[in-house]
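Look at the two complexes coming up: chain A is in both, with chain B in one and chain C in the other.
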Partner chain A sequence: MTQALILEFKKARGRKIWMIVAAMTLVEIIWTLWGTSRMDEHDLAQGWESVLLQYPVINSIIMPVMAAVVASRVCDVEHKGQTLKLLETLMPAGRIFDAKFLFSNLYMITAVMIQIISMVVVGCLKGFAGNPPMDKLACYLLFTGTVNMTLLLLQQILSLQFANQMVSLSVGLLGGLMSIFLFYLPKVFSNFFLWGYYAVLTFVEMDWNPATRIVNYYYISENWSSFILLLGAFTMLYLIGRRLFIRKEI
Partner chain B sequence: MENIIKTNGLNKRYGNSRIINDLNLAVLQNSVYGFLGPNGAGKTTTMKMVVGLVRPSDGMISVFGKELNPKNRLEILKGIGSLIESPSYYGHLTGEENLQIITTLKNIPEKDISRVLSIVRLEKQKDKQVNNYSLGMKQRLGLAGALLGNPRLLILDEPTNGLDPAGIQEMRDLICSFPKQYGMTVMVSSHLLSEIDQIATDVGIINHGRLIFQGSISSLREKSTQQIAIRTLDNGSAANVLKTQGFPCEKQDSFLIISKHSDEEIAHVVKELVDHNIPLVRIEERNNNLEDIFLKLTGKASEL
Partner chain C sequence: MFSRTLRAERIKLHHNPVWLAFLFLPIIPSVMGSFNYLQNIGILQEKWYDLWSQQTLFNCYFFLPALIGVYCSYLYRLEHINHNWNTVMTMPVPVANFVLSKLSSAALMVLLTQIWTGLLFVLSGKLIGIDTALPPELFTWLFYGAIGGIVISAVQLTLSLVIHSFAVPVGIALIGGISGLFASAKGFGVWDPYALLSLGMEANKAGSTMQCSCSQFLINSLMIIILCISFSILWLKKRDVLTM
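Showing the complex of A and B:
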C-alpha cells in the first residue's frame, strides 16, 4: 500500500490539487472571519458555539464541491492517459482504489485541520470566552471528516466509473446545493441524503429572537445514532464501489 | 520448443454475442508470433485476456507453463511487458517520470530507464512532458515501459498504429531484434498481413473470434500458388480446347485460369490455341500471394 500511495504522490506532481483545496479552504476562512468581524460582548461569550455552527453551514456547500474536484483530479489522470490497463497488469485493482481514496482523503483531512486551527486562532485573537472546547473540536473533526470521507468515496466511485468527469462534478455541485438546502429543512429529511449529514451531525443550534434580534447559540447532544448510520452507509458504499472497480473490465 | 502462451477452448461472450470462440493459441518461445485478423476479429480482447484485463467466459490460459488465475496473475505478469491498444501515459509528467512510475510498480532499479530509453531512442526527449510528444514518440515510450525489467514476453497490440513510414520501419526492426538480442518472445497483433509477413516467424489468423490458421509463416507461404491466366478473343472455344488437351480451367473475369505448368506444357497450350485459330491476346503468370490467402481465409477485403 505504501508503494501505491507513493505512486499517487508522484502522479499528483504538477496537478495543483493542493491549490484548489487551499483556495476553497481560504474562502471558508474568509467567510468565517467576516462572520466574526463585528462581535459584541454577547457574541464573544458564545464565540466557540458560533464558529462551530458557522463552519458546518459553509462546509455543506463547499465540501461536496471540494470532494468532487479532488476525486476528479486524482482519477481523471488514469482515464486521460488510459493508464488503468497498465496499472492493473502490475498492481491489484483493489489496491489502486484504496490508494486513491487514502491519498484524496489526505487533502480533505488537511482542509478540516486547517479549519480547526483557524477556529482556534480566530477564537483566541478575538477573545472568545473560555478556552477552546477541545472535546467539541475533536467531535467536529470526527463528524466533518467522516461526512467528507463518505462524499469523497461517492465522488471517487463516479470518477472512476465514468471517464467523462462532468458526471461526477455535476453530482458534486448538485450535492452542494442540496446540502445547503437541507440545512434549513427539518433534520429528519437530511438523514436520507449523504449531503445532509453536515446538518444532521451539527451539535450547535441557534435560537433567534425576532423581537430582540438577539441570536443565542447552544450545544445539543451529539447525534451518535446518525453517525453510526453514516458509517454504515460508508461501509456499504466502499464495498460496492471497490467491487465495481475491481470487476470493471478495461 | 516450449509454448510461452497456450490457450485452450478460450471463449468470451458479452450477452448473446460471442467475441472469442473456442480459441486455441500456441505461442512458441523465442518466436515473433504475428496475431493477424481484420478489425473487430477479437485480437485485442484475446490479448487483454492473456494479461488478465478481461475475464474469459470459458477456457484456460497458460503463460510460462502456469495456468493463469486471479491469484497468480500478477506474479505471472511480472514476466510480461505489454502495450495494448494505445500507449498508457501521464501526459502532465515527463517521459522519464512516466518510466519512474513503472519502475516503482515493477519494483526494479531506476537505472533500467536509460537502457530502455536508448533502445527506443528517446533519450533526448526524456525530460519533455509527454503531452508534447508526437504519437510516434508516445508509442515508443509505451514500448520502453513494456521493456522495463527485461520481460520474457512482450505483448504488443498494433504497435505501428499511427506511426509514419519511418516510425513503422523502426518499430519493425526493434520487434525483430528482441528475440535474438534479449531472448524475448513477442506476440504482436496487426490487421496488416504485409506487416506480419515482415516481422513474424509464426502466425495466427483470427476471424470472427475463431482461429482459422496457426503455424509458421513459411507454412502459410506454402499455401500460396502460382497460376497462368490466358485471355483470348474466344474464351468459350479456348476453354474447350484446353479441356480436351487436359488443362482444366476456370473463368475469371475475361481470363481463363489454369494451374502452373512447365514451360513446355504452356508452349503446347499456346500452339494448340493458335492451331484452332483462336486469337490469343494475353498470357500471364499470377501469384496467389499471402494477401490473397489472408483474404481467402478471412473473406474480408474491406478491412484491409
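Showing the complex of A and C:
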C-alpha cells in the first residue's frame, strides 16, 4: 500500500494539484475575512459561533466542486495515459483505488486544517470573546472532514468509471448547488442527500430578529445520529465503488 | 467555410450527454428557489421579482459560470486528446474560424439555457400561484444574462485552450463566480467578466435598474469577448501544439 501511495505522489509531481486547492481555500478565507470585517461588541462576543456557521455555508458551495476537481485530477491521468492496463498487472485494482482515495484525501484534510488555523488566527486577531473553543473546532474537523471524504469518494468513483470527466464534474456542480439550497430549507430534507450533510452536521444556529435586525448565534447539540448515518453511507459507497472499479473492464 | 467549421463542431458533439447537465441544473434552483419563496412568503412581497431573485441568485454567482466552464473544458478536451491538434492545425481552415466556431457552440448552449431558465421561471411561478402579470423585464434579464454567459464562455474557452486539464478551468470558473459576487458588492461588477451574468440577469435585485448603463455593459462584454478571441487566435498561431 505504501508503494502505491508513493506512486501517487510521484504521478502528482509537477502537476500542481495543490494550486487549485490552495486557491479555493484562499477564496474561503477571504470570504470569511469579508464577513468578519465589520464586527461590533455584540458580534465579537459570539465571534466563534459566527465563523463556525459561516464556514459550513461556504463549504457547501466550494467543497463539492473542490472534491470533484481533486478526484478528476488524480483519476483522469490514468484515462489520458491509458495506464490502468499496465497498473493493474502490477498491483491489485483495489489497492490503486485505495491509494488514490487516500492521496486525494490529503488535499481535502489539509484544506480543512488551513480553515481551522485561519479561524483561530482571525479570532485571536479580531479579539473574539474567550479562548478558541477547541472541542468545537475538533468537532468541525471531524464533521467537515467526513463529509468531504464521502463526497470525494463519490467523485472518485465517477471519475474512474467515466473517462469523460464532464460527468463527474457536472455531478459535483449539481451537488454544490443543491448543497447551498439545502442550507436554507428545513434540515429534514438534507438528510436524504450526501451534499446536505454540511447543513445537517452544523452545530451552530442563527436567530435573526427582523424587527431589531440583531443576529444571535448559539450552539446546538451535535447531530451524532446523522453522523453515524453518514458513516453508513460512506461504507456502502466505498464497498460498491471499489467493487465497481475492480470489476471494470480496462 | 465558417458554416462548415460550425457543422464539424456539431458533429463532434453528436450523442454527447452534455446537454443533460444544462437541462437538469436550472431545475434545481427553480424547484428549491420556489420552495424557499413559499417558506418566506410573509417577507417577500414583490411576487415575480422576489421569485426571480430566489431562483437566480445562487445559480448566477456560483454554478452557471462553473457549468459553462465544464462545457468549454469539454469542447477543448476533444482537441487535447487523441492527437487531434495535429489534425486541426493542418486542416485548410483559418484558425479564427475554428476559434469562432467553438465560441458559437458555447454561445448556443448559453442561449438555450437562458430560454429554459425563463420557461421554468414562468412555469414555477404559475404553479405556486402568483396571479399578477409577468414582469415586463423578463426578456431583458434573459437577453443580458445570455450576453453575460457568452462572455464567460469566451473567457473559459481561452482558459481551456491554454490549460490542458479538464477540471482546473472549472475550479477557476467557480472562483470567478465568487469574485463576481465581491465585484458586484463593491460596485465594479461590470469590469469582472464573471459578474456580468448576474448583473445582466439582475439576480440580486430584480426590479431595480442595472448597476451600470446598458451601453457600458455591452461595450465591456464586447471588449472581453474580442480580447479572448484575439488571444486564442494568437496563441494557436504562435505556439506549437502539444498533443497527447
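Assume the second predicted complex is superposed on the first by the 250 of 250 C-alpha atoms of A that agree within 3 Å, B and C clash if a C-alpha of one lies under 4 Å from a C-alpha of the other, contacts with A are read in each partner's own complex, and residues count from 1 in each chain.
Please note the rule applied: a residue touches a chain if its C-beta (ideal position, glycine included) is under 8 Å from a C-beta of that chain, and two chains touch if they have at least 3 such contacts.
Predicted, not measured: the structure shown is a model, and the values here were computed from it.
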Handout entry: More chain A residues in contact - chain B or chain C
Key = C
Handout entry: Partner chain in contact with A:V112 - chain B first, chain C second, else both or neither
Key = neither
Practice task
Go through the superposed model and pick first if A:L52 touches only chain B, second if only chain C, both, or neither.
Solution key: neither
Exercise for the section: Classify the contacts of A:I250 with the two partner chains as first (chain B alone), second (chain C alone), both, or neither. Expected result: first
Exercise for the section: Return first, second, both or neither, reflecting whether A:L174 touches chain B, chain C, both chains, or no partner chain. Expected result: second
Practice task
Could you look at A:L152 and tell me whether it touches chain B, chain C, both or neither (first, second, both, neither)?
Solution key: neither
Exercise for the section: Identify the partner contact of A:Q82: answer first if only chain B is touched, second if only chain C is, both if each is, neither if none is. Expected result: first
Handout entry: Which of chain B and chain C A:M91 touches, first, second, both or neither
Key = first
Exercise for the section: Tell me which partner A:C139 touches in the superposition: chain B (first), chain C (second), both or neither. Expected result: neither
Handout entry: chain A positions touched by chain B in one structure and by chain C in the second
Key = 80
Practice task
Provide the residue numbers of chain A that touch chain B in the complex, in ascending order.
Solution key: 3, 6-7, 10-11, 13-15, 77, 80-92, 249-250
Completion exercise
Within the complex, chain C is touched by chain A residues 20, 23-24, 27, 31, 34, 61-62, 65-66, 68-70, 72-73, 76, 80, 164-167, 169-170, 173-174, 176-178, 180-182, 184-185, 210
Completion exercise
Listed in rising order, chain B residues that touch chain A in their complex are 48, 51-55, 74, 77, 80, 82, 84-93, 97, 100-102, 104-107, 130, 145
Practice task
Can you check the complex and tell me which residues of chain C touch chain A?
Solution key: 17-18, 20-21, 24-25, 28-29, 32-33, 35-36, 39, 43, 58-59, 62-63, 66-67, 70, 73-74, 77, 81, 165-168, 170-172, 174-175, 178-179, 182, 244
